[in-house]
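Mind looking over this structure? Questions follow.
Chain IDs A, B, C and D follow the sequence of writing; residue 1 opens each chain.
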Amino acid sequence: MIAVLKNGVTKTQRDNLVHWLESQNVKVHVSEGEMQTVLGLIGDTSKIDIDLLSGLDIISNVTRISEPFKSANRRFHPDDTVIEVGQGESKVKIGGGNFCIIAGPCSVESEEQILAVARSVKASGAQMLRGGAFKPRTSPYDFQGLRAEGLHLLLEARKETGLPIVTEIMSASHLELFSEVDIIQVGARNMQNFELLKELGRCDKPILLKRGMSATLKELLMSAEYIMSEGNEQVILCERGIRSYDNYTRNVLDLAAVPVLQGLTHLPIVVDPSHATGVSRLVRPMACAATAAGADGLIIEVHNDPVHALCDGAQSLTPEQFAEVASRVNEIRSIMH
Amino acid sequence: MIAVLKNGVTKTQRDNLVHWLESQNVKVHVSEGEMQTVLGLIGDTSKIDIDLLSGLDIISNVTRISEPFKSANRRFHPDDTVIEVGQGESKVKIGGGNFCIIAGPCSVESEEQILAVARSVKASGAQMLRGGAFKPRTSPYDFQGLRAEGLHLLLEARKETGLPIVTEIMSASHLELFSEVDIIQVGARNMQNFELLKELGRCDKPILLKRGMSATLKELLMSAEYIMSEGNEQVILCERGIRSYDNYTRNVLDLAAVPVLQGLTHLPIVVDPSHATGVSRLVRPMACAATAAGADGLIIEVHNDPVHALCDGAQSLTPEQFAEVASRVNEIRSIMH
Amino acid sequence: MIAVLKNGVTKTQRDNLVHWLESQNVKVHVSEGEMQTVLGLIGDTSKIDIDLLSGLDIISNVTRISEPFKSANRRFHPDDTVIEVGQGESKVKIGGGNFCIIAGPCSVESEEQILAVARSVKASGAQMLRGGAFKPRTSPYDFQGLRAEGLHLLLEARKETGLPIVTEIMSASHLELFSEVDIIQVGARNMQNFELLKELGRCDKPILLKRGMSATLKELLMSAEYIMSEGNEQVILCERGIRSYDNYTRNVLDLAAVPVLQGLTHLPIVVDPSHATGVSRLVRPMACAATAAGADGLIIEVHNDPVHALCDGAQSLTPEQFAEVASRVNEIRSIMH
Amino acid sequence: MIAVLKNGVTKTQRDNLVHWLESQNVKVHVSEGEMQTVLGLIGDTSKIDIDLLSGLDIISNVTRISEPFKSANRRFHPDDTVIEVGQGESKVKIGGGNFCIIAGPCSVESEEQILAVARSVKASGAQMLRGGAFKPRTSPYDFQGLRAEGLHLLLEARKETGLPIVTEIMSASHLELFSEVDIIQVGARNMQNFELLKELGRCDKPILLKRGMSATLKELLMSAEYIMSEGNEQVILCERGIRSYDNYTRNVLDLAAVPVLQGLTHLPIVVDPSHATGVSRLVRPMACAATAAGADGLIIEVHNDPVHALCDGAQSLTPEQFAEVASRVNEIRSIMH
């Protein structure tokens, strides 16, 4: 960490600051230039509060040289993390060159629905099944999901198709209900629900962590770090669009996040083009673009219910549209090297 | 709710849509114009999923006429909500013309610290004490607060000064520890932690709900609605700055949110100029501006610790600076009518 | 256009509004529902000021049914616009299935430089040459480009290589200097320099119009409309990233803009991954992603100067890196259908 | 300027970089720490391209110690700039403790209108008259202003009332028409129309420079610098709201910009609450808030035309509402010290 002092700082002020820093177990290397004094902080600076330091009146500028994340940091763990779920023929890997398509309905609505969707996406090449049992909804008056019953139906669908399942958790108090789930998803709204992240850090399942509505990539990685620092190193990051000012799409899909994150971390990165755009006809071009950008996987909404089917709409694809998307994505994968 | 159909929608498609809407217990009034067909949805449209409807291929546009929030809606509850806490001489009201300054340190650090700050802010005119016991930090390696011990120290400070206390909760599982607290704060990062909001809706304490990092005002009100729809109608909203692209300040303080919210809801609105700007010299002008904009109260960080005092920095004010801010704010209050 | 009146609007107020609207040459169809009154405006509503109308106290909501752009609107011009430049062997088409890579240095610096880059990008498959002669710089103290001399050098490079040239204009008063240029570029900062757009609408060269720093897609299309409404229908749109709050990349490349724009307009859309990210190692994945998203072309920065070469940095690619990107992009193009 | 090298940079790479920097006339002070090497750049670093330097692969981080603006910089010009316009009794000062209210219609529409508004705002305490003659409109089909005729009518209104006039320019080619205008306004969309700024830097009238839609404060100051570096040091900055994601208001009024700018520059700062919010009922609270935040003036839209009057709407105030706002603002001014 480098801290640049303002011009005109007195020797006493500087010494006080250096003592305070040293009391936090970092070594301080003072470099006095002609125009400014620079402090080099050496040692475990991860405990230094950069906001506090930056805000001090005698400080012009503070820069972290080393990123504040450790377990997630590619510098310390150069090899790609590979996440494995499922058994036997249905074993799936994500990361380290292993690409994976996760598909399924927004919400689990009935046994009939989830089984039908699961069968159809499996036939089209999905390797994992997604479906919401606990649904975070902006309004308390909107459908909140089938909850425990929804989890039960997902397990039924897994039994029938073999597809490992991914589903969202909204509270650590529900954790017991998720004991059979393959991958637990943390939604964008809970990306900084730190108490939940710590609990998930103490379980031994892979966690799919979605980027918050307007989270920086560093904040996303620090949230992964909350999970990893408790012992669970199986984290999959998910880019799902960030809030912006235009409204042709629901969010802005930030695809540069994929190669940027791949430089910063060894964790796999999947992309959700369905939630990012909120418009079914945009899912195909964005799924192809995410694949070409190097994503480790995709998570795509597919429905089979008559309201959607009737009107061919919203962000979910029909099974036929999904099959087409999966086929295009696989063509692009086949020429990547 | 008004839904405009696209040109070229067939009668069958339209009838299917109308039947589906009617099956959700709304009446549909079809108005065929020369250029377009408009559906007027009448009845309890709060259950209609506007995202789903908007996304249908046969729909050009959907507009809610009535806001989706009910309990928080000024239209249905025209009188200002007044929140009361504290006992006897220390009784405090917020809302309905009652203005309140809440002050205290970012984190509770020791008995000596919290007592000293509490006494000094009381002397300068603060009516309530804030202080973090559970601290949401971006990094798992940063100080996470004194937790239960911090709550204990806040209660000591209240015993000594009489000031009611406000402090942040991070998980419903900690709720029992908050039984003596006067107002429970929900931080920006948990504004859409819906399971937490529902639990808080079942307790009988006022909740200070901070706006999320990039939440719309409607999302803030829907989160208030989560609390209120469970029975707890004592919610105080807090504007604390939203994420933006410039970095001279930590966030952009959106002061127009104050009069906009006062038009939409009967709930009191307080402003946090300390977190919004992250810079102590900006706290005074922003506190004055918030007061002039009509806020029902302020929440301000004050410290007395030597590191800050040494360097006069960061976002917290010294007790002397706070006294000056409180005095200016009260002058502005005195000429508002 | 649909305008929904507020509840409680009197008959006199409504009649006054209807008369005012009719005085602007639109027909008004009044539909009184049980819950609200809806006005359908028929005729040429493009002259109605939607901001003024929306802001009236008696109006709940206004929705344009027809988009306010006409010449750029795919609804009225279903066939893709194809832009042609260059002569003989060097003839280039963009749009309507014709894909084009434009490459060259950020700034034209010397004859030697521009010739060397032009030759190398031509050899790697670029069909057009870009290079800045007039440079918009945030600081008046930064290099402002070689100006007229830069244009002259670009024409030399075209003479030598045959590559048509694209370069940026910053003021209508320079237009005469651009008489030999093939495509005139309007930069992000001038996207709403309406007097410049009108002048460009009166010349007969293709215009490459970059999206403003935080322009909506509708604003981009309305700026194209400024050019087209003066008679020049040869406009190429360019997505180059929008401002956001994170700083791992310079801007956020909004690739969903590509398929969204292709739905709204018949104009070709190219993508600039160099300016969008500001980081050379991100150019390849983003160029591939833009291609897979269906862009009609790419505009890529390539340098050959020793400072860059020395350090392998910044947003420009070396000629070798560009050759690699062009080859990957062409592979993806070859499997698109 | 401080540049931190990455770990692992070779001595040759470092020496090459140092030579390149020195060739640009800065002295380089190399400080080798245990963990990193820091280059201190001394001298006129304003010519160093920070984007280029930051992007080099061997650089970890670059920080400007000195701000890149000079003429606008308070460090070099500690005293507030005071702008004076008008003659005799109508002389008006802005800045250095002089507060000024500028009021008038969005567009000049007729002689009758502009005279009526000018008289009424003068009576209520406005010291200057605003009114648009050249109007930047998103759509080419919207009213573009009376142009030269509008300027003529403004001068008539000045002759009658004595109020100095402020009006917007959209192209340097119109400059001759503005010879009698008191203050020339540059709108948000032209904040980075650098060729226009340079031309305005060569005239001797005060320039009111509005912040761009999503400009940083540094970009605003650099645009002021474009004007000032050509010789015209009479620049008034204007905060008018920035683009954001919510739509209850048209923009987000960033009032912290006022005290932040007052720290960075000696130029006066005015606030436009009308364009910022787009809603007339929000003008009063935001005008009061801006005043309490320490703004040097306000620019407020006032209309008297029957369409607005009929419906009491949009962002403009009636003369009566303006009188009320001016009176509240003056009360707040009276207690500021």
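Here, contacts are C-beta pairs under 8 Å (C-beta built on N, C-alpha and C of every residue); 3 or more make two chains touch, one makes a residue touch a chain.
Everything quoted here is computed from the prediction, not taken from an experiment.
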| item | value |
| --- | --- |
| Chain whose Cα centroid lies at the greatest distance from that of subunit D | A |
| Result of counting contacting C-beta pairs for B-C and A-C, higher pair | A-C |
| Approximate Å spacing (C-alpha centroids) for the pair subunit B, subunit C | 40 |
| Approximate Å spacing (C-alpha centroids) for the pair subunit C, subunit D | 26 |
| Intercentroid distance (Cα basis), subunit C paired with subunit A, Å | 32 |
| Touching two or more other chains - residue numbers and ranges from subunit D | 214, 218, 243-245 |
| Subunit A partner contacts - residues on subunit C that touch it in the complex | 214, 216-218, 242, 244-249, 252-260, 263, 276-277, 281-282, 285-286, 288-294, 331-332, 335 |
| List of subunit B residues in touch with subunit A within their complex | 13, 16-17, 20, 46-47, 49, 51-52, 54-59, 68-69, 136-143, 170-174, 189-190, 192-196, 198, 212-215, 218-219, 222, 225-226, 229-230, 243, 250, 278-280, 307, 310-315 |
| Residues of subunit C touching subunit B in the complex | 2, 4, 27, 29, 31, 33-36, 38, 40, 42, 60-61, 63, 65, 243-245 |
